[in-house]
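A, B, C and D are the chain letters, set down in written order, and residue numbers restart from 1 in every chain.
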Amino acid sequence: MPNTHPTPVRLEARDAPGQPPVTPELVELYQGFEEEMLIPLWYDIGNLMPFHPISKAAPHMWSWKNLIKLAEKAGEIVAVGRGGERRAIALANPTLGGRPYATPTLWAAIQYLCPEEVAPYHRHTQNAFRFVVEGEGVWTVVNSDPVPMRRGDFLPQGGWAWHAHQNPSQHSMAWIDGLDIPFQYEVEATFFEFGPEELDAKETPDVSRAEMLWGRAGLTPLNFVGPTPKSPLLAYRWEFTDAALRDQLQLEKAGHQVTVEPGHAAVRYTNPNNGLDVLPTIRTEFHRIAAGAETAPLKETGSSVFQVFDGTGTITVGDSLWNVERGDMFVVPSWVPFSVKSDAGQDGSDSGHLDLFRFSDSPILEKLDLARVEVEKN
Amino acid sequence: MPNTHPTPVRLEARDAPGQPPVTPELVELYQGFEEEMLIPLWYDIGNLMPFHPISKAAPHMWSWKNLIKLAEKAGEIVAVGRGGERRAIALANPTLGGRPYATPTLWAAIQYLCPEEVAPYHRHTQNAFRFVVEGEGVWTVVNSDPVPMRRGDFLPQGGWAWHAHQNPSQHSMAWIDGLDIPFQYEVEATFFEFGPEELDAKETPDVSRAEMLWGRAGLTPLNFVGPTPKSPLLAYRWEFTDAALRDQLQLEKAGHQVTVEPGHAAVRYTNPNNGLDVLPTIRTEFHRIAAGAETAPLKETGSSVFQVFDGTGTITVGDSLWNVERGDMFVVPSWVPFSVKSDAGQDGSDSGHLDLFRFSDSPILEKLDLARVEVEKN
Amino acid sequence: MPNTHPTPVRLEARDAPGQPPVTPELVELYQGFEEEMLIPLWYDIGNLMPFHPISKAAPHMWSWKNLIKLAEKAGEIVAVGRGGERRAIALANPTLGGRPYATPTLWAAIQYLCPEEVAPYHRHTQNAFRFVVEGEGVWTVVNSDPVPMRRGDFLPQGGWAWHAHQNPSQHSMAWIDGLDIPFQYEVEATFFEFGPEELDAKETPDVSRAEMLWGRAGLTPLNFVGPTPKSPLLAYRWEFTDAALRDQLQLEKAGHQVTVEPGHAAVRYTNPNNGLDVLPTIRTEFHRIAAGAETAPLKETGSSVFQVFDGTGTITVGDSLWNVERGDMFVVPSWVPFSVKSDAGQDGSDSGHLDLFRFSDSPILEKLDLARVEVEKN
Amino acid sequence: MPNTHPTPVRLEARDAPGQPPVTPELVELYQGFEEEMLIPLWYDIGNLMPFHPISKAAPHMWSWKNLIKLAEKAGEIVAVGRGGERRAIALANPTLGGRPYATPTLWAAIQYLCPEEVAPYHRHTQNAFRFVVEGEGVWTVVNSDPVPMRRGDFLPQGGWAWHAHQNPSQHSMAWIDGLDIPFQYEVEATFFEFGPEELDAKETPDVSRAEMLWGRAGLTPLNFVGPTPKSPLLAYRWEFTDAALRDQLQLEKAGHQVTVEPGHAAVRYTNPNNGLDVLPTIRTEFHRIAAGAETAPLKETGSSVFQVFDGTGTITVGDSLWNVERGDMFVVPSWVPFSVKSDAGQDGSDSGHLDLFRFSDSPILEKLDLARVEVEKN
């Protein structure tokens, strides 16, 4: 079978800076290009090869109050099960064409599970994680290992692992999912399989087997020594994250340079098998901004999604400025300056600091030698 | 500034398998989603998370005769210089929306330089290479090192190196360029800079300095020891590629298992500093199919572009089947089975084999743990 | 200055299998070799290049009761301070020529610190660790970070870090030190420096700063992201090691294959920054053999030193067989089969299992592609 | 079987700086140590843990004229064959106890093969190489691949590969062998096996199969892609080494900074599969010192052996100073300053430069984080 597609190319000879003079010959040449499915570099080089990244995505903030309200409604009228697979409702960035993409590479959703529901087993090459901003009662079952989910917990889910979710409790629960769906859609490497209809592990233990094996720093089970591209630790519990951030701020107060910048503590979730990112394509971090502190405006290649875990503050992303509170989610597009200011104790929260969960596509950029970071000059 | 974009989301409650029953409540829920810029996973999961990669790109073949004819015309009526930068004419895959994308990740073009023309210095984060299917007379100048280009030569150009092209000869010359423009456009990591207007190196040496330093196998200049993500060797000469392939086929005849499969010799262009791909995002290879030989149908995640260097044969890509000859270029989309059959000596060429240059986005997939290969069962 | 050393070579023409016939010419040739400082391969090839490793070291066991008694005596009559540096008493393998070498590559000692003593600051390229089989009250100060030491704790000390030990308590304390002194002595890469006479950190905190920063699994302080060849975590606490081993045996009972072999739980101490061994040259592990269990006889290239942490059992190393109890230390030379049998609950200990701390030179062999392991056939 | 070795420990209570006062209690303590096979750190810390490496080896030079004369004599009276395996005569460093060790880690020998002799197949874990200072006519057969050996060629031989040597010519040939015998003897990781008595490959091709597959820079045979710890390229030919060094000096003259220091060109032999050292434990390099040039005195941890390939000059190693000529071999011990001065054209050689082949144990030190280099201050 020869080539049969009609040409999609449309070239208009136009009188513009950097463009060749509009002549009948040029018009004819462009017709030739259209027929042969060709597009000259000079036609649109500024768009293709800009001086610096100009993101297709817009900065945007989603209010958790609205998200949770809609998720609850969905819980009432949309069933969970094979086919739709998950009651997950994704953020659609306002300038990404109405696609369910938070950023050009990242998918972010609120997932909601009603009492006694089970989201069935499946697996996919997409790397995923869950993060819990409030509530508890659901167990994520990964390769038959039931992993409880509670406020503040981070649960990575490396591509191609079987997983299901079950809610044996009597109340609904919501959490957020992050995946590299848009990225894998673009590079076209995605596989998906349905698993068994029945859940093979209905226990509701307090800790997962993964945590029993991998949950202590620097203690590798001898039977599992060896590199794995995805973290074998399936739950990073809030109590440890919280304590790690508290300790950083305490050490800072005692005069040690251990924070990212004054009043800004942060941890990266890492794979105990190699010290690198938990997932091959997604970076995940937790940031704590002490009361009244403010971060330096930063530009990075690649995009991020944040969720406010606790506290209130002001977020600046390029020209956008939002006051945020618990659960709010927002997007920082590539190369747009980003900074955070924690409300100074007037916020009434116990903690007096602003806690932010973050995920980004940085591992992609770093592994391909494309990462760049710049502190914005004021 | 608060969120100000209008919502791009359009959700239609529809009566379809896997979709919730169309009720007023669902319609209302969908309106809520639209307002909040949300899209549920169940709405289009089959598209987002297919069972296997279904490429947005189509298999397609561009005839070199047509390409070169149009390039020559462009040479007559379009000047080269600052702004347009290069007289490069890119392949536009028929199903990629009229964008200058050969595949979702790769840009491929024919570039053309008239006698005494200079394409000016610039640099960009996009990784690039040149491959010469015919002609000579141009020097690519990379960081002041003039590198001659001749038939069969492969010339990598790692991101962010300064480069220009000059044609001091009295005849025009064409070659192909491969870049990761679509990929970097998608992940938004692209920077670009104009260089000096004047070329700082107008010599026309027979070999580049890069070759003098890095052109002998296993001999690393002591002054430059240490890893580099991009190959310091700026030209891989045809005489060596040709000899390597000839030797593989000769060893095969002598009974040694050194080819990929019977009658199929191949080399990968590698970075002498680490033995890995020459560029962080682009794999480049040269394949020789002996007269009458045929390759096993192969499916791979990720996409490739090929150019026929010599000989004739038949290419099968999914349902497409093309008879190809020197210079022809074609695309193999992700997960579409691909095989080659060399014409059996009837082709009249001296060589009696089919020579193919190939480039692909495999390094991206491999580094992110997304590569998969399958030999198609007949 | 020309060569001036007298020749150390002595060659005797001898009538033996594989040796050339003893003739006047051979005698003369050997004289020539002696004068020129040459030794032919055929003269002693069986010793130089044996069919398999034949260790210079012997299996040997040191009883903790004797070690601690002598250490106490040393505490009474030998002061600690600059010059001697440490009250550390090293195991001398019986067949290593009266050198303080537990094995050809490893140094192992009991160190003893009396009340209110300080072992002064120094640093050296030798990699080191401490392991505490009983007692507490001493703080190891590493680069000004005071690290408490208690029973069961493992404390690595990467080469070239400043360190001192202080005992602010009112009772003496002993522990064991492991270093790569013999190895570095052989490859001649050793540097040593005295530090300040005065200790700069006399606090006695319950946890070290290192633990506050690095002590939670998979949580990397953002400010310190990046590879380090030596573990930044300076204390691996007994409560976590104990719990990890207990959990492995519990999971084994529940039917999961998580132990090394039935009844044999084990963890490797690893660097949270890369998941590899805590020290570049020394591997450290903790093994628990359940009551009545027995390990398969194993041969490995490279040597190990063990200390019994708890329980009693029988150790077999080649032809040697020892009944061991708390604190006993023993050596397993290269390629000598080794197995352990835990006494079956008759031992009266609470635990009912045999706990063993182990260190070895395996990282050296693995990094140099020289590691080999074999399960001995019975 | 309990511990049965007599104690090798001898401790003498002595009145010396840093030692405890000699008292009856100390004498008794030392007796206790002797009985229990213990040696306190304070007894000999200065030897065990020196301030900087103090090599057990001495600088020494062996004259090639003497080496070749003795090798010829050995050729007359000592047969080659199974048992003795090789007619290889090793350099014995004057201060290494009459052992066949050029340095504490490296073995270096002249090997000699008479017309029509075959040195039989064997293999061993020791990593090896051959370097040819003069002559030709022998083929090294590696895993059935016959590799010709000629002046200037470097031929690596990774551990555990089968190999033999045959001399089908009518004249004798000598070359040097380098191995890590002392190092592997020390870490006790050595295995050795006899191969078949009969050579399975008696061809005498001009190039090896290894060179046909791996001998072109940056062209990796697709069938063999993937990391290997040892170089698959079995011969690094003199013509390429020579040309690489010539090109470096030519580029230096043209104003490019490509040499190690003025007049000092050098290449490292590397594994095309990873760009690292050709052998896991041995570094190999070739240095060219232009007429009249002189290198800066350098101290490095680890030891080296050099052979003069061509030219004459003066070598300074610590307090030793030698005038050297073709074939001369010398040792640079750890942390002893080393420099070279090429005779200024008065030497009568064609080349007018001093060419040096070098091998060292640097990969061991680098992989274990023990490498240190210092330019000696004048």
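Here is the rule we use: a residue touches a chain if its C-beta (ideal position, glycine included) is under 8 Å from a C-beta of that chain, and two chains touch if they have at least 3 such contacts.
Not measured: the values here are computed from a predicted model.
Centroid distances from subunit C, each centroid being the mean of CA atoms, peak for B.
Separating the CA-averaged centres of subunit B and subunit D is a span of 44 Å. In whole angstrom, the spacing between the mean C-alpha positions of subunit B and subunit C is 53. A separation of 29 Å divides the Cα centre of subunit A from that of subunit B. Listed for subunit C are no residues, as none touches two or more other chains. In terms of inter-chain touching, the protein chains here make up one closed cycle, each touching precisely two others. Those residues of subunit B that touch subunit D in the complex are listed here as 209, 212-225, 227, 231, 233, 236, 240-241, 243-244, 247-248, 250-251, 256-260, 266-275, 278, 285, 287. Chain contact summary for the complex, subunit D toward subunit C: residues 1-3, 5-10, 17-20, 23, 25-26, 29, 32-33, 36-45, 48-56, 58, 60-62, 66-67, 69-70, 73-74, 76-79, 83-100, 104-105, 107, 109, 124-126, 159, 181, 183-193, 229-230, 280-281, 301-303, 319-322, 333-335, 361, 363-365, 367-372.
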